[in-house]
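Before anything else, here is the set of structures, which you'll find just below.
In the two complexes below, chain A is the common chain; its partner is chain B in one and chain C in the other.
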Partner chain A sequence: MFRWIIARRGRERFDLTDWMAFGFLGFGVVLMLGPVLWLVLSSFKTEAALQEYPPRLLPLAPQFQDVAGFDAPLQRFAVTGGEHAGRELVQIRRVGLNAQMIDPADPDTVLNVNIADREPVRAVEIAQENYTTVFTRFNFARYFWNSTFITVVATVLTVLFNSMAAFALAKYRFTGRTVVFVLIIATLMVPPTVTLVPLFLVVSQMGLINSPWAVIWPAIATPTGVFLLRQYMLTIPDDLLDAARMDNASEWRVYWKIVLPLSAPALAVLVIFSVMWRWNEFLWPLIVLNRSEVFTLQLALNSFQGELQTSWANLLAMTVLTLLPITLVFAFLQRFITQGIAQSGVK
Partner chain B sequence: MARVELRGIVKDYGAVRAIHGIDLEIEDGAFCVFVGPSGCGKSTLLRMIAGLEEISGGDLMIGGERVNDLRAAERGLAMVFQTYALYPHMSVRQNLAFGLENMRMPKDQVAARVAEAARMLKLEPYLDRRPRALSGGQRQRVAIGRAVVREPRVFLFDEPLSNLDAELRVAMRAEIAGLHRRIGNTMIYVTHDQVEAMTMADQIVVLRDGRIEQVGAPIALYNRPANTFVAGFIGSPRMNFLTCTVTARDAEGVTLADVHGRVLRAMVDARTLAEGDTVELGVRPEHLHPDPDGYPVEIENVEQLGGESYLYGRTPDGTALTAHLSGQTGLRRGARAHLAIRPDLAHVFRADGSALPRLRLGELEAAGPGGPVAG
Partner chain C sequence: MIGAVRLIYEGAFNLFEGPMRWLQRSLGTQRMVWVFLLPNLLIFGLFTYLPILLNAWYAGTSGDRILLGDRPWVGAANFATLLDCESYLNPNSCRRDLFWRAVHNTGWFVVLQVGFMVLLSLIAALILNRNIPLKGFFRAVFFYPVLLSPVVVALIWKWILQRNGVLNAGLDWAGMGTVNWLLDPNWAFFWIVFVSIWANMGFYVLILLAGLQAIPSDVYEAAEMDGTPAWRRLFRITLPLLTPTLLVVMVLSLIRAVQAFDEIYVLTGGGPGSATLLLIQYIYDVGFATRPRQFGLAAAASLMMAGVLMVLTLAQLAATRKRGEDG
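For the complex of A and B:
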């Protein structure tokens, strides 16, 4: 089943092309997945491990120990050189190039150790509390629901309206069909920033500010979707539609029972696109959603970055949680993407 | 079941007229075949009857009722498409049931009708398959089944066999003819294949450029083509045409001379001709026979099929001439053959292409008693 992973051109052994191909692909994997992997690993680090410099890949946290007579826990170090080499001490404070350390078993004797001669003691520490606090302290469920609602409703409406428009443009002959189609495509050339202000005025006039519908309605008509679906629907033979009409099907049933199911690959592509667009959308929700209870996940993530203090551990955990649903959607529907794109446009 | 009547049916595409006023009556229970070369408008006409193309002018009557403004489904017709047009995402059963479900028929009735059609067309083993998993012949049967379950008044077939291989085509031809015998509905069948037209039709409608050239029973069209177009279209290989001049007329027929002055006779009613008129003498390949006194022909190609032979040659003035001989022949390429034309098998056409009435049908005499039906 996974033979394709080690498929190679050379019969017996790797030849030059194989080395180059695997090298290139491996480089691509590291480049693409590296940051994601780092993000996921970091989301399990404790706040202390995150603050460490230089940063480390694995969630290894510096270790602290309570010592009688000190208010705060003291960091543990292994001494690697000098007269105390081989001992494990805790540090009270650092003075210049020297660290004042004590042995927890003998807290009254202060030992001086060169900072180059000591190494922090680390242990793997999975900070699950990063995730639990996201739910308990930050109302993650609320933001998740907001995002899910907007994504699902907007995607359903996008697919519905775009496919209806595409059906009409692909299968009906009416005067002005080309004009309408070209107009729709032409809107692709208008940068979203240009329409931002007028769109905001419209949405605000309609009293939709701070409602999820302010994000949904402006998003559902996408020229990309109409174009994609129309090109795909052109490949559905007219005979099928005629046959359905002879079979007593109303135009709605022709659309619903024949054209939609047969456009499934293209619809899947549009679903993926729409989910990604809505889920990751930031600028527009930032403008129209101002109250924290209507925030989407992306806005909530942004709000974690306080002016004075940023809770990195929670921010990272929430970022991972935000990535998960879209990764799942993509994993389930990705096989349709190549299929759908390959078939649309090719008559 | 219903009688179909077309009164001055016209189709315009913008400024272009595709169908020029068709008048036609198709009797209840008849098997009517529209035949003609591609682009003659036969499919357009069928789609207009079906309700898939708008009728620009004229009246379409089905069962005595004007249906111009009814939707396709409301006309009570069913159509079989050239491409079968099976719904690829539905099983055979769903394909058959789709039309009935659209009519909001109760589920048990739908199931009964589908089962009945599947039994009749031997589709039972395939009911749960998708069309993709069927062979061409099976797909065609499903397409026919989808028409049958609806129990339509009229069946429409749009070149249903042209996607099948030759062997299957013969089998499906018999199947469709058998279906017509069993259920006896009016059927309108479009094809460009004149063999299908000849073998299946009660009534053939020959179309050219959006006009009817001739309507009639297959044998009648073969025996008495109304013009050179029909004469050339019906019958395979094509009828041979020789340009001639009228030299004499009498009650028995007409005496013609070809460009080299060879004398030919044809038994046609020549009262409307004058001596000196230029006419086309038509003779079918199967009506030429070798004769020492016959027309000289340079043989260019010989096809021997064992049971029959085809000779392709040219007359001295370069006119192509095809002869169809039964049995085998000793003639070879490059040889000179003499082929005779029997006066009672010859057709004569005026310069405008219209046929002169034939006085005797040599085809009937050749067959003898119990032979073909007179046309």
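For the complex of A and C:
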């Protein structure tokens, strides 16, 4: 009964259990990737195509035509049945189950067509304007910059400060080492979500509200980072450090020129985590960044989805642009990221 | 590009080297430890330990002022308000009915989300541990949503679940009728559980997979030689040897489920009504989103939550240590 989950495949047979396993995985792929692909496809549709129900898979947009004597463009239909079958008409208005339609070449004769007898004329239309208006009307570049600034600065400082602490804890014997280590690891128990109110007081007393530093400062010392790096640095032989000290190297030189380069794999894992944490962070920025000029991408997206209930076209384009950087990073560093996480077991 | 990075790396070294040399000369080599530790400890002190102390103070005061000096001391009144209930099983009988609604919702959320997620991750990990083609691709696909930001995750699903969305269109096509998914309390709750499993599952698949790969293959070979059936191998070998990793996965996902906020806030905003209101959102609403801000109540609720989290984290550390010893 459980064979399909665990059995190891024989050399040449591709049996039932393999089919079940692949069924599960195939379903998983559709469920995991489908929604994202649907978002990307939808983001290229015009607002008119987005309003259509049922939605179409491809960005096919209903077509409209200007006709002399009418203020607004009229929608084009191909008539499939009834007396006008085979003609292409535009619709003036719908009355119950009938549509009043005209031939653009002969705008004065109004024809009655049953709505079951007509099909909208569609053409592939890639709505690039969804993406361009995101930059022109919604100041997307500003939010992108805010997010990038916070992510880059916080990541550099996280790696620097955490590796300094990890170096001290891994490579020195001193009184209080255990206490310091426990104090740092113990902060795992107090995630920022349970100290929101006092954290807000501290940050506001420092005058940081509505500044990117309100997000950066509280985030850059991480117990996971210190722990990860310390474990890695423990594997660097002390002899290397002592040899450098013999050559009169300062402690700073030992740290920067020997320990840091040798810890590169662990540092890279921390960089990836930090980028992910900061780029995706939501609750804390929501509390401390209230003016739209300082919004991060996540905050901007959130506030747009509140305001633009109906304008999905721009919202979808913005969402795609927000997931793009992380997706690119993942595409290139996939193996590295999954291995790093599997080994360290943190997120 | 690499040249520029190297230049910055060297530049930063030279920038700090002078002051650091001076510090080492004046403090002595032994005290340099504290120089290396200082930035981290300062930040932890200021943004973690100081807030913990202040939180207790906030929980004992009332008013809508943020400065502690402006806040009258009320003792345990905030806790009394939150805990004032005729029956803890019925949020409607409580003075702060929303708090208890949030506690109930969070409880259900944690049980359902963690239960189903661990089960599904385990199945996925076991399958991915088989000797199948395209393994790396499948692993990457399951993991991909983990990297997406919660806001993006919520918007992806909002777009699918909206009234004229693709899910309703599919059901319509199959002749099953449409549902207003996020406006029906039960369905909305189903979807917050579903979406948060969707977004987080890949992470646990990865950890379980690492655990599975650490099981030595000669154990299986021996069992196979003895003709042990597959289901027996699963329950007698794989699961017992995987228990430490499973424990870590459970505790980690519990800790995170208790703190769930982002995706759910964007997806449903806690609605309809309070059907998907969870604890963190309650704290955010009471302390920051609605006026007058009730910092005292928010801090008291946080403090109770912190207690639960502390127990869970200690359990996690114990589980991690056990895993470290076993593996």
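Observations, loosely collected:
To be clear about the criterion, the second predicted complex is superposed on the first by the 292 of 347 C-alpha atoms of A that agree within 3 Å, B and C clash if a C-alpha of one lies under 4 Å from a C-alpha of the other, contacts with A are read in each partner's own complex, and residues count from 1 in each chain.
The working rule: a contact is a pair of C-beta atoms (placed from the backbone, for glycine too) under 8 Å apart; a residue touches a chain by one contact, two chains touch by 3 or more.
Keep in mind the model is a prediction, meaning the values are calculated, not measured.
By the document's definition of touching, of the two partners only chain C reaches A:Leu316; chain B does not. Contact with neither chain B nor chain C is seen for A:Asn114 once the two complexes are overlaid on the shared chain. Shared-chain residue A:Trp256: touches chain C; no touch with chain B. When the shared chain is aligned, chain C comes close enough to touch A:Asn280, but chain B does not.
Legend: residue contacts after superposition of the two complexes on their common chain; A:Ser303 is shown touching neither chain B nor chain C. In the overlay built on the shared chain, the residue A:Ala244 is in contact with chain B alone; chain C does not reach it. Look at A:Ile220: by the touch rule set out above, it reaches chain C but stays clear of chain B. A count of residues in chain A touched by chain B and by chain C gives the higher number to C.
Shared-chain residue A:Gln128: touches no atom of chain B or chain C. Of the two partner chains placed by the overlay, only chain C lies in contact with A:Ser42; chain B stays clear of it.
Shared contact residues on chain A (touching chain B in one structure, chain C in the other): 250, 253, 257. On the side of chain C, the complex with chain A involves touching residues 13, 16-17, 20-21, 24, 29-30, 32-34, 36-37, 39-41, 43-44, 46-55, 57-58, 66-68, 123-124, 126-132, 136, 138-152, 155-160, 164-166, 169, 172-173, 198, 202-203, 206-207, 209-210, 220, 229-231, 233-234, 238, 248, 252, 259, 261-262, 265-266, 280, 283-284, 287-288, 295, 298-299, 302-303, 305-306, 309-310, 313-314, 316-317, 320. Chain A meets chain B in the complex at residues 237, 239-240, 242-250, 253, 257-258, 261-262, 264.
Across the interface of their complex, chain A is touched by residues 47, 50-52, 71-73, 77-79, 81-83, 85-89, 98-99, 102-103, 146, 150 of chain B. Interface of chain A with chain C (complex): residues 1-3, 5-9, 18, 21-22, 24-25, 28-29, 31-33, 35-36, 38-39, 42, 51, 53-55, 160-162, 164-165, 167-169, 172, 174, 180, 183-185, 187-202, 204, 217-218, 220-221, 226, 250-253, 255-257, 276, 279-280, 282-283, 286-287, 297-298, 301-302, 305, 312, 315-316, 319, 322-323, 326-327, 329-330, 334-335, 337-338, 341-343, 345, 347.
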